[in-house]
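Paired with chain B in one complex and with chain C in the other, chain A is shared by the two complexes that follow.
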Partner chain A sequence: MDRIGKEINMWVVVLMGAVPLFFGTSAQGAIVGETGSTFHLMAKRDVIVTSDGDSFIMWGYAIRDAVTGKTGRAQYPGPTLIVTEDVPVTITLRNDLAPESGYVSIVFPGQEVTATGGLPGLLTREVQSAEILPGQGYEQVAYTFTPREPGTYIYRSGTRADLQVEMGLFGALIVRPAATPPGGDPAKKYAYNHVDSQYDQEYLYMMSEMDPRIHRQVEEKRWGSIDFTTYFPTNWFINGRNYPDLLAENNVPWLPTQPYNCQPRMHPGEKVLIRFIGAGRDIHPMHFHGNDFETIAVDGRLLSSGPGAGPDLAWRATTIKSMPGQTADLIWGWTGKELGWDIYGHSPDDPLEPYEYAPNHGKPFPVVLPPRDAVTYGAFYSGSPFLGGEGELPPGHGGLNANGGYFYMWHSHTEKELTSNDIWPGGLISFMIVEHPDVPID
Partner chain B sequence: MMKRGTRYGSMMVLLALFVCLWVVTASADVHVQCPGDTNGDGISEDPNIVCRHITGGDGYTKMADGLDLYIFSFGDADGVPVERVIADRTLKAQMPAPTIVVKQGQELYLTMTNVGMVVRPDLFDPHTVHWHGFPNAAPIFDGLPEPSPSANMGNSFTYYYNAVVPGTYFYHCHVEAAEHMQMGMVGNLWVTPAQDGQSIGGFTKFAYNDGDGSTGYDVAYPLLLTGFDSFFHIASDTVQALPFAAMFDEYPMINGRGYPDTINPNNILNQEGFAAQITPTIITASTGQRILLRVCNISTTHQYSFATTLGVPMKVVARGAALLRGPDGKDTSMEVNVLNVGGGQDYDVILDTSGVAPGTYFLYTTDLANLSNGKQERGGIMTEIVINPL
Partner chain C sequence: MFSQKMIRFQGFFLFLCLLSIMGGKAFAAEYWVWVDAADMTMADGRKVPVWGFGLDRDNDFLTTDDHAVSVPGPTLRVGPGDNSLIIHLKNNLREPVSLNILGQRLTNNRGPVWTNFPDDTKTWSGSRPVGNYTARVRSFTHETLPGEVGEYRWESFRSGTFLLQSGTNPAKQVEMGMYLPIVKDTSEGSAYADVSYDAEVVVIFHEIDPAIHQAIAAGTYGAVPGATITSSVNREPKYFLMNGVSYPSDGLLPINGKMSLLQGERLLIRFLNAGLETHVPQILGLYMSLWAEDGNRYRYAKEAYGFELSAGKTVDSILVSPMNPPWEYPLYDARLNLNNAGASPGGMLSYVKSSLPDHR
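So, the complex of A and B:
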């Protein structure tokens, strides 16, 4: 083939890569999951892939159709359950794991749960493998509770949790307020029953880690070798995926057991709600490039000095330690104010963009950027320093930022965790994209 | 294995060749941008403009047990004529990197020149400066290599910051961050508040614009906590595959020094005879004075907790360059005896020594395994607090 043909082919490949990455993810701004009040789950064995090209046996909660009895693939993490304050919730669980894997169960920290069916266990009622004594009424356990407080919660295995949570038996539980808070706008979204919890876009950050040796031992049924006293994770996940897999769309076919992505996007001036859940066993200090966040709630409770006071004890920072088992809700925003130059590259007579910091309107860019061969262009550089801008990109550059968005890394500052089993980059890297006001997100 | 000297010799030759080729092929360009500098000394005549020039490169730093470890870091190039920067400032990385201080409202033009890694001429790594915690940042000056240009070897990039939010920050290179930060590209960066110079509550120096003197201090010290994994550094030095998965810091340090080097008042010379460690870390005050500790943790593997033996609590007044006040101004500062600092976190801590008898006290990590320099015990994150009589 001649050279031009090859170049065209290359561009097709690049475009094919860029289109799903930055337009396919547009059903965003909301957390995807299972909405309702009754959920049927099945614990199943399946396989996940990691960004270093490896694959691992895992156990996950799958959605079960109670009518047909059919189950989906196991998920890492389990299905995100989205429920409503004060509406009773029922979750049934069955166990499709092999008998030697043991019983399974679910605990719901922060909820008052009634468990029925199955067999009594240490923390809650459990269910044994469906292969044992089938048809005798032991095959299902049901958990019921009425969520009294909106917020972000975790659910996870209550049985041999050191192993089962490592294997993937955990998920997110989101309780939405029953009504618009006093003084609120019914057209807007609120995380809690207070107007100061209003948000425009919402994203989940469910953190977990993995020690591959454990998964190999389970795969090879070397149960006696499993030793958590020497636990040493080398793979880290947000919503069950490593960077860069987490950039891809939700529910992509090549990640059938890892349905959830982590690709936050917003427009300047919007409020972004980040629901953090520490699902693993380690602390991850998550750092936000771009601006401060405000921590408004921990463990499903507003940081409030008293009823009705709202999040008046909220705290600002750019790094928060995601704690094992804990949840936290952050509000993040960005306008680019007081940078000392016009982020849109306007001339003084151009109209203002929404939320643009007017005193900087038309102020020139403050430095001369080095010539192209003096620098390396990152994959997400648009070729322009301006929001929504574009510029000449060198040959071979992927052109992955066609909208000229501003990319901010949101990542663990235990930087070792930005790898996947010795491979850089991977692990706990994600990017918030602040898009030009004209770029549609929804 | 070649002796180090021999190896350097050969590598210097390689580097010289490389730089020559680079100059020809890619027009290496050390270039400082400093508006208002009319005489070319790198200092702006405009008092509102601060110009700094740092290098990004490599060097060595001495651990408290005597081990020299290979590092990447930033070095000082303030006022160095541009044509001399590559020639004179290679292999002169500092640990920690040069401290940068600006006043609230000033504009900082920070030029970083990538002088290359002499010991690793096989590496083509760009370097960047990431001002950690800068509010409302734009990617072009955020130092994140993925959405911005980063300076290649032999070239400069000038970062611009309108420093409007006071506080305790730090900076680091963000290129292949797990590697470059483990290798040591970290430094202190502070913005002093507009309130400085006023007399409030008996103080004239403050960490923040508190309005009531609650962050006032007499003396301030950096407490940049980090650690090195010697195996990683030796692997880099000897051109081996880098052990990311096994990374585990066993040389915990304050300001690039493990105890007892923390109480050494002098610069520490590395094996090249270069003073790479110029941040003494002994904390000194007169009884009754308030000490401000500007704390951050930039370890790539560890969190650190610390306490003092002063017998007075540590008052935490700010976290993440934000005064500990609620959205409506409610005081949320806290008095603690132990403060845990995760990677990427920074805190401002006030030690009020009123009633503390003159003497020598200690600040030390309460994660006791970090009181070590490698296998040498009684080291790591510990220093003295010397309280002098009035």
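So, the complex of A and C:
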């Protein structure tokens, strides 16, 4: 099965270039990452690719096997660390960068961290390159903390953070609740210790940007030329990839240092949790088409008027700015309510689908569609205006919507960020796909 | 000519007037403030020309012993019982200036001041001059001309944290450093209703583009003959400052100076952004309770380790140190403006310190 899938993809690569690579793959409705309470990381140098076909030197946190000492590839962003509330966490860090790259470290905003080993730095304890004084006890730093509240958090370099965050030393920290909240359903998922944080699908939106000049300067060791007062990014990333690469599956072999995708999918009526993180230094106004979301938490704290009140101070909006170093949890939903037609193409006698908007049941599509060959169809049109429907399309039209889902563009409203080094489309574009209830997700 | 009775009546009237003036004074905070040019030394030793405010403590503008100006200017305090703020402004610059407090109404405002563009030789106050469609507003509030003393009066002064800025050509005069914080508590030790504090620190984020400063000081900025920088459109700050200094200045190590915290004490941090860029103050190791924005108390505090502080904004937060002192919490710009003219480390990085009682 995998082999056939790969072969098909290879044909696509040969015939059509990179754009359709993502298609036909199924994204996962959960956030992938490293689960546990002890993590061993190594700061390493590697290369990422951008969707305009360029490649850049990066520094990333890699997973290190403490027993064998072997490390994986550096990642952009670093591994998503998934831990549990009230369970003590230990993260060790070593430094495989060249000595001239400097020391490295990690800070965990919102956590009370104890750092041991390594050497004192400005924000926390740091670790020098393994090439300097090996075996003297400076080669590892350990960070321990006990996450007291569930939620979405960020970790970033705390050493020359302007340069090191630009180079890729950051990642997401997700703290899952220790137990089902009071009144909750053990079969369901919750982001916080309150029933109003329930969700069905969750996705990471970790925003970052890049000024290619900085990476060239690092590559060419022109350290003295690096000047963040002239910072001018031209590449933008969600979870370390830009459009359209971010629609491909997690862990695809052609993006070995960018393992995480951003392809949200859901069924009508489900609650989608967006874990929204500003990892870089700029602010990105992300616009979630299709419906309002509710911001239920900021910086890993429910927006609450008091203990037990739940997210009663949540606010509704369609656009939210990613704040550097900060996190927000958004809950988004979609049922097709008031769309104006029966999205399932029911006749009035058919039974209702779950969460179907009853007043539109059996209501016909309100527009007479033009003849098949009279118009040009976008790549995401299935050929049918109905959810899960498929229709005939002219050759070369459509083709990127396997299940007849509804596509909603989720993108930055700083429109110049929808490019990769001035090539459109690229950068901060993603799509939520609303799938028919019968289409499996994950 | 006047009868004895009349004189007596006049005396009584004068007494009443005096009483009302004295009474008014008792309920007004009154300051004598200078604006003057100076040089400011950056962390890397570079001297940058600035225009700053200074406080004349003997209220006469005559003596010269206490006339140093600074950027930002001194923090002005309005007492909880003061209804009004009066500022007497002496202008030692060579161009008109004015004052404007964001979020407070200037009661005696005779502005805005319009000028004939581009000559800038003629002014009108109040409305646009009739029939003149090329006139431009130069000042939001009435101007104080070079060498003169102006009076600015805010009655019904609201409590909270506020930013005073120049109201004249702000792209130029605010860039040059004409801003200062003004604070008023609701009652002794309470910034707002039920927002009490044990210690307080004012933290102003601001930036400097030295090229613009130099052009302004040389008279080659703006719509002038021979201009080297015609506007601030390409502003590119090189220095990222907190309270006029950047890391590793002593003033940031720690930023709360002698106001260090004991475990459980409440530190009020009044954040202001007097610059032109958005900053994101972030603290490591604990959360802050955000209580107010632009002098408006929230109904419920927001718990966060950071927040958006856009240009011109003020945010008040309460920080309670949960740790046994001594402990230092880094407080910095999460937008990572952590350099001094490109040299790292530097910029907007400071520490909030908690100390043992005998080290306070």
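Just so it is clear, the second predicted complex is superposed on the first by the 410 of 442 C-alpha atoms of A that agree within 3 Å, B and C clash if a C-alpha of one lies under 4 Å from a C-alpha of the other, contacts with A are read in each partner's own complex, and residues count from 1 in each chain.
Here is the rule we go by: contacts are C-beta pairs under 8 Å (C-beta built on N, C-alpha and C of every residue); 3 or more make two chains touch, one makes a residue touch a chain.
Every value quoted in this text rests on a predicted model; they were computed, and no experiment measured them.
Engineer: If chain A is used to align the two complexes, do chain B and chain C fit next to each other or clash?
Structural biologist: Aligned on chain A, chain B and chain C fit with no clash.
Engineer: With both complexes overlaid on chain A, does A:305 touch chain B (first), chain C (second), both or neither?
Structural biologist: A:305 sits against chain B and chain C alike.
Engineer: Of chain B and chain C, which one touches more residues of chain A?
Structural biologist: Counting residues of chain A touched by each partner, the higher count goes to B.
Engineer: Which of the two partners, first being chain B and second being chain C, lies in contact with A:179: first, second, both, or neither?
Structural biologist: Once the two structures are laid over each other on A, A:179 reaches no partner at all.
Engineer: After superposition on the shared chain, which partner residues are touched by A:313: those of chain B (first), chain C (second), both, or neither?
Structural biologist: both
Engineer: Per the contact definition in the header, classify A:283: touching chain B only (first), chain C only (second), both, or neither.
Structural biologist: Touch partners of A:283: chain B and chain C.
Engineer: Is A:123 touching anything from chain B or chain C once the two structures are fitted on A? First, second, both or neither.
Structural biologist: After superposition on chain A, A:123 lies in contact with chain C alone.
Engineer: Quick one: is A:367 in contact with chain B, with chain C, with both, or with neither? Answer first, second, both or neither.
Structural biologist: A:367 contacts chain B only, not chain C.
Engineer: So, does A:406 touch the first partner chain B, the second partner chain C, both, or neither?
Structural biologist: It touches chain B, and chain C stays clear.
Engineer: Looking at A:133, would you say it contacts chain B, chain C, both, or neither? Reply first, second, both or neither.
Structural biologist: Touch status of A:133: no partner.
Engineer: Which angle, as a multiple of 10 degrees, do chain B and chain C span at the CA centre of chain A?
Structural biologist: For this superposed arrangement the angle is about 60 degrees.
Engineer: After the superposition on A, what does A:321 contact: first (chain B), second (chain C), both or neither?
Structural biologist: Both partners.
Engineer: With the two structures placed on a shared chain A, what shortest C-alpha distance in Å links chain B and chain C?
Structural biologist: So the smallest C-alpha to C-alpha spacing between these two chains is 5 Å.
Engineer: Following superposition on chain A, which residues of chain A contact chain B and also contact chain C?
Structural biologist: Residues 283, 305, 313, 321 of chain A touch both chain B and chain C.
Engineer: Taking the complex as given, what residues does chain A use to touch chain B?
Structural biologist: Residue list for chain A touching chain B: 196, 234, 283, 285, 287, 289-292, 294, 305, 311-319, 321, 334-341, 343, 366-371, 373-382, 385, 387, 401, 406-409, 412-416, 418-419, 421-425, 431.
Engineer: Give the list of chain C residues in touch with chain A in this complex.
Structural biologist: So the residues of chain C in touch with chain A come to 236-238, 247, 278, 280, 282-287, 299-300, 302-308, 322-323, 330, 332, 334-339, 341-342, 344-345, 349.
Engineer: So in the complex, which bits of chain A are touching chain C?
Structural biologist: 107-113, 122-124, 158, 160-163, 165, 226-230, 281-283, 298-299, 301, 303-306, 313, 321, 323-326
Engineer: Using the touch rule from the top, collect the residues of chain B that touch chain A in their complex.
Structural biologist: Its residues touching chain A are 26-29, 31, 33, 107, 109, 126, 130, 132-133, 135-140, 142, 144-152, 155-162, 164, 174, 176-179, 181-182, 243-245, 247, 298-303, 319-322, 324, 326-328, 330, 332, 342-346.
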